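The structures come next, written out as structure tokens.
Across the two complexes that follow, chain A remains constant while its partner is chain B and subsequently chain C.
So, the complex of A and B:
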């Protein structure tokens, strides 16, 4: 039985330094992509195909008007039941023995099903131009530095983090640490909680959040959409059998993108602002 | 720092004021996080709720420029509530000293003020001496003219209500800070104060630090682990630079430069007499000064020629940054070398400093990249090259990874670094650049005689032949050696004033005590106790990690806190010992003179609650910043009465009628100083690509400014365009019943690099502190409007 690992992110120890963002770009040789001014310290609105980890900066006033300034390292959650893995028609996305979720770019056709179904909106497409001038797309996201894990190293972000806000270790031990930490900080952070959503089978990036998930724009109770399950596990195989793989792919794209997709006018159904 | 980064983990309460270490000294939070795990509290005092505030237990806002009222109120609180460490204050500070009755204080002025000179006759503040010339003391601290009672009287005016009115700090938050920090006055508890430019970059900057010194002495926090007065240096080697005399008023090792305006400095004997106190460790100054002269002039320095003292240039002006640029502006400077400095972005009143550069005949810039300053003449800089006659040379410098040498960190740890990769192209190390320059200059003067050539010919430049000097020879000269035998000197206690020893910097004497043992190269990771790591690098002086650590013990030599003991007197061995090197004569025994005097560098062996050597007074007193929105409630002296004023166009002054908003400048994690390095890095530029100001929701509403709007910030000196970051982290201050707004902005931006933006320093005033002339970047007035 392979050992599952978890990246434990304790946002209450994070000081928002963003060395983790630079470490990720450095290890993965990702290009810089300067954004327009977003109105806060945050550099990117969300993760992108070239920016796999974005520090969130949130000014949050509690019900008594007391201000807090919250930071969150946001990257792929590496779900146990990953929606992206579920919906990918090309089986390009798979689980490793570490529990991480990785993309095989040879198989990826850039259809975007994964992008449309990720409850956390962490996976993104990037457009390329081939030598014939034709455009194609590939999906990208945090790899949990699986290539480093294979060499006995830890993810680059974890290694760089100087406050110990991020730790990497065996799943059971990390989850226990998270639960104990919440108890330790109850005075300073009464709403602190462990974010390890059951609806996706738990994740391999587990957080101690200082506030409710909605304060961070995270879904309170994310799940793999039932529609995606029905579609992938039942409709697709039956469809392929009945009308052939290629036609199925075309039909599938239409259905996924217009009917099943969680995105309604770009807004995530489960998210939204929340004030206590 | 009196203490160190690692030591911070032992604190019971860290007061972080005038600094934002979560952003600007992030590694400090590794240690502050440990302090929190051990039950320590973090207090953040800042006009803005910063990332540091987010990591803290207690936050209190204050209007920029009101640090002295804030701390004065804390001093009063500690005294009123009897929270000070009584034995420490009586025995280890000059609180017991009786002050001469010529000392007076009235309406914001101390006795001895000359309004025309804007200076004090400090002899009016002298201490009463007995027949033997020793200070008269009252250990009960009750004598009305004791420093203690005078201090009490001085700060009785800093009651909580007055403090609240002038700082804008809400009363309950102010008291929470006072309560938390003053609790460290309890015997066995330790509080640390961590500060940076928010404290120092004011016209009262020195006195801001003095206020910290007073509270730390009152609470018994100097010399103890988890305590101290800890300046967080803003550059990896600025500690090294001040140690090595790059401050305009110093030779190396904090010796004073002799100025020609004092007739005593005409001879070495006169200079030594003027500079050398009769008591305290500085009484050894002649040994340090003569050894320094021997280092610089070698065999050309002899007893017969005052050891080359006449070769030393003796200035008659104030050569601070702001005065140099004023002289440049007035056309009085021919040329300038700017080594790794970018005043077009980093200088106060940067627009005027840029104009000043075009008055130079020549400029040599030594940098890793072409900077806003070395390119000041270009169209991109907003200049008309056809109108500028300055000849500009750019010498490419290599980065710290491409050269060897040492840096000294905030904690005085001298850490040697090796060359990791070879420099790119023709870029060179500063060491090589200086070596080649000096070798060439000496070559040009070698056949000349006369007063200009003599000092250059006499300079002993003995670092090997060829382009690359032997850095080991430089190291040895810094440490010092016997000039007759060549033998390295083990410590500054062995330096002599008879010309038999040389040492380039007495405070470092001891880092290279014998052949093959450059202790700056020590890299033993073993914790030798209390995270002091004695075998990792070399800390001056003599590898003592916590300064004045004798004060961590009671007068008999027993540690006040046995669980966190660093040094103690061992009666069996008959000496001081411990896990730190005792900052004390180790063999001093009970009953010996000075056994109870931990502050060995002070003339009287005790800490200075009263400091009669400073230009603006022996006690910190509040004066408003040069540009202020408020009336000083403490006296009719609106601004520091001893600061040097600059007239005319070079430093236009703004007033609240036109510029009602308080402004401050600061740094971010992702950029560094004037941005020459970081705005040339794509990944860092990506994180903070745009110039912005932080503005409260209330002020934004008043001005019709929405988040992300482009705005124009103006001051009496210039305008900058920026994005508006509307935030909850700034709130308007209530100053004496009136609403006073404050904004803040990063000062990293210029027109070069991947991330460009307007330069905040075009707004800041060209005015400096009364003692150091550090510019008042941190509190001035502005106005804001939508672009």
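So, the complex of A and C:
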């Protein structure tokens, strides 16, 4: 495997300019989504099929009762152990050599299993209309600009970030940087932490958060849903084995019946009258 | 016991309501299985074009899902007596039911066996029914959150996927056996007409459900028959085909 890269987002350096959102729309050719006023400077409630990253604006009251205006660039986390990849029935979601998680739209059937199993709720279905007027759906999310990575470029959001809140680099180095940054800001943000949740095997977007994850609407301990693990690792293979087993049993029964009937020279007819 | 020909005298085993309920259940189950098969295994992805793409498959799956819910109501509304008897039989377990299984294994593979006296449903049918009721509840119950994820909590939808999988995985495994016994296996296939016309050969009913048959004879509904299924004594016209249950 090639060197693993992660996107390091230091939310404490973000000034909320939203250039990352614009760069993403621009590079990925995503249409604008007009929204009603949501009550804050935040443009969209969360990521959608056409808005792969959203800048969160959170008005937070800290432990001293002071107002903190928190920003967070939110997008797909590119989990090492991705629930979406696990539940996809069409093998449409896969890991790349960079550790990013991408959706193959040729294979995607728009079932929405990934949408409902993502621990971070960042995947959405987009509805298309084909030339016959029939509707079909495909799952969409941030690709970490895998097409750019393949060309030796960095993700569009990272390249455009003017405060240095985002960096893209080799995994170990980025995590080290994140840990050091947390130490630096502990005075100002006592709850600061590195968010690289172990329940999903670590992520390829690693955050320095100023507050607890829940302040940002993030799960404290995200993990691949237990139901998804039982479903895909146990129920499905066992189910396939069971139909195989009963099929073998009836085929076996058919064969033994044929052999035994032949031995009896066709004396027995339908109904099996071997009475006492 | 060798004999040239079994009698064609028939007795009514199932009501028309049951025949319809059973038929709708069978057709919708297989339609549901086939329309979801490409989601279960990529080996069947070629079914997508046949079914009108993933969208066509999804639509068909939902149409047959509604059909799949209806049989219980059809049977219970139009033949409550038969439906009640079924439920009563399902909770009645005696020594004869356990004896049935040891003989059944021999019968299944074609060895010599003896019929254990059974009531309207034999122990195997009862097990099949119980599993199908259980799996239908799992499948239907989990189907709703899968169909309408926006009105259910996320965790319910997630567990729904698992339960749907467990439900149909268990159901299809049992149905393979159920279908084999009804249309292929030489001892049980004479009863196949029971789910088509509702009537079965009298001799077959007598062999397989002796207690039930004798009860109906005592009630005067069924004719007394000899080993070949011919009425022992002349029966009054019309007494052969009366409703059994």
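Definition applied: the second predicted complex is superposed on the first by the 235 of 276 C-alpha atoms of A that agree within 3 Å, B and C clash if a C-alpha of one lies under 4 Å from a C-alpha of the other, contacts with A are read in each partner's own complex, and residues count from 1 in each chain.
By definition in this document, a contact is a pair of C-beta atoms (placed from the backbone, for glycine too) under 8 Å apart; a residue touches a chain by one contact, two chains touch by 3 or more.
If you're wondering where the values come from, they're calculated on a predicted model, not measured in any experiment.
S.K.: In the superposed arrangement, which partner chain does A:32 touch: chain B (first), chain C (second), both, or neither?
M.R.: After superposition on chain A, A:32 lies in contact with chain B alone.
S.K.: Look at A:91 in the shared chain and tell me whether it touches chain B only, chain C only, both, or neither; answer first, second, both or neither.
M.R.: In the superposed model, A:91 contacts chain C only, not chain B.
S.K.: Under the stated touch criterion, which partner chain does A:228 make contact with: chain B (first), chain C (second), both, or neither?
M.R.: Only chain C is touched by A:228; chain B is not.
S.K.: Tell me the contact category for A:188 with respect to chain B and chain C: first, second, both or neither.
M.R.: First partner only, chain B.
S.K.: Examine A:15 and indicate which partner it touches, taking first as chain B and second as chain C; both and neither are also allowed.
M.R.: A:15 sits against chain B, while chain C stays out of touch.
S.K.: Pick one for A:238: touches chain B only (first), chain C only (second), both, or neither.
M.R.: A:238 sits against chain C, while chain B stays out of touch.
S.K.: In the superposed model, does chain B or chain C contact more residues of chain A?
M.R.: C
S.K.: Applying the document's definition of touch, where does A:216 land relative to chain B and chain C: first, second, both, or neither?
M.R.: neither
S.K.: In their shared complex, at which residues does chain A touch chain B?
M.R.: Result: residues 13, 15-19, 21-22, 25-26, 31-41, 43, 59, 61, 67-71, 162-164, 188 of chain A touch chain B.
S.K.: Give the list of chain C residues in touch with chain A in this complex.
M.R.: Chain C reaches chain A through residues 1-2, 6, 38-42, 45, 48, 53-55, 58, 107-115, 149, 154-155, 157-159, 161-162, 165-166, 168-170, 172-174, 176-177, 180, 184-190, 201, 203-204, 207, 227.
S.K.: Name, in rising order, each residue of chain A that touches chain C in their complex.
M.R.: So the residues of chain A touching chain C come out as 87, 89-91, 109-113, 115-117, 121, 134-137, 225, 227-228, 230-231, 235-236, 238-240, 242-243, 245-247, 249-250, 252-254, 256-261, 267-276.
S.K.: Under the touch definition given earlier, write down the residues of chain B that touch chain A in their complex.
M.R.: Listed in rising order, the residues are 22-23, 26-27, 29-30, 33, 49-55, 57, 668-670, 682-690, 692, 707-708, 723, 725-729, 754-755.
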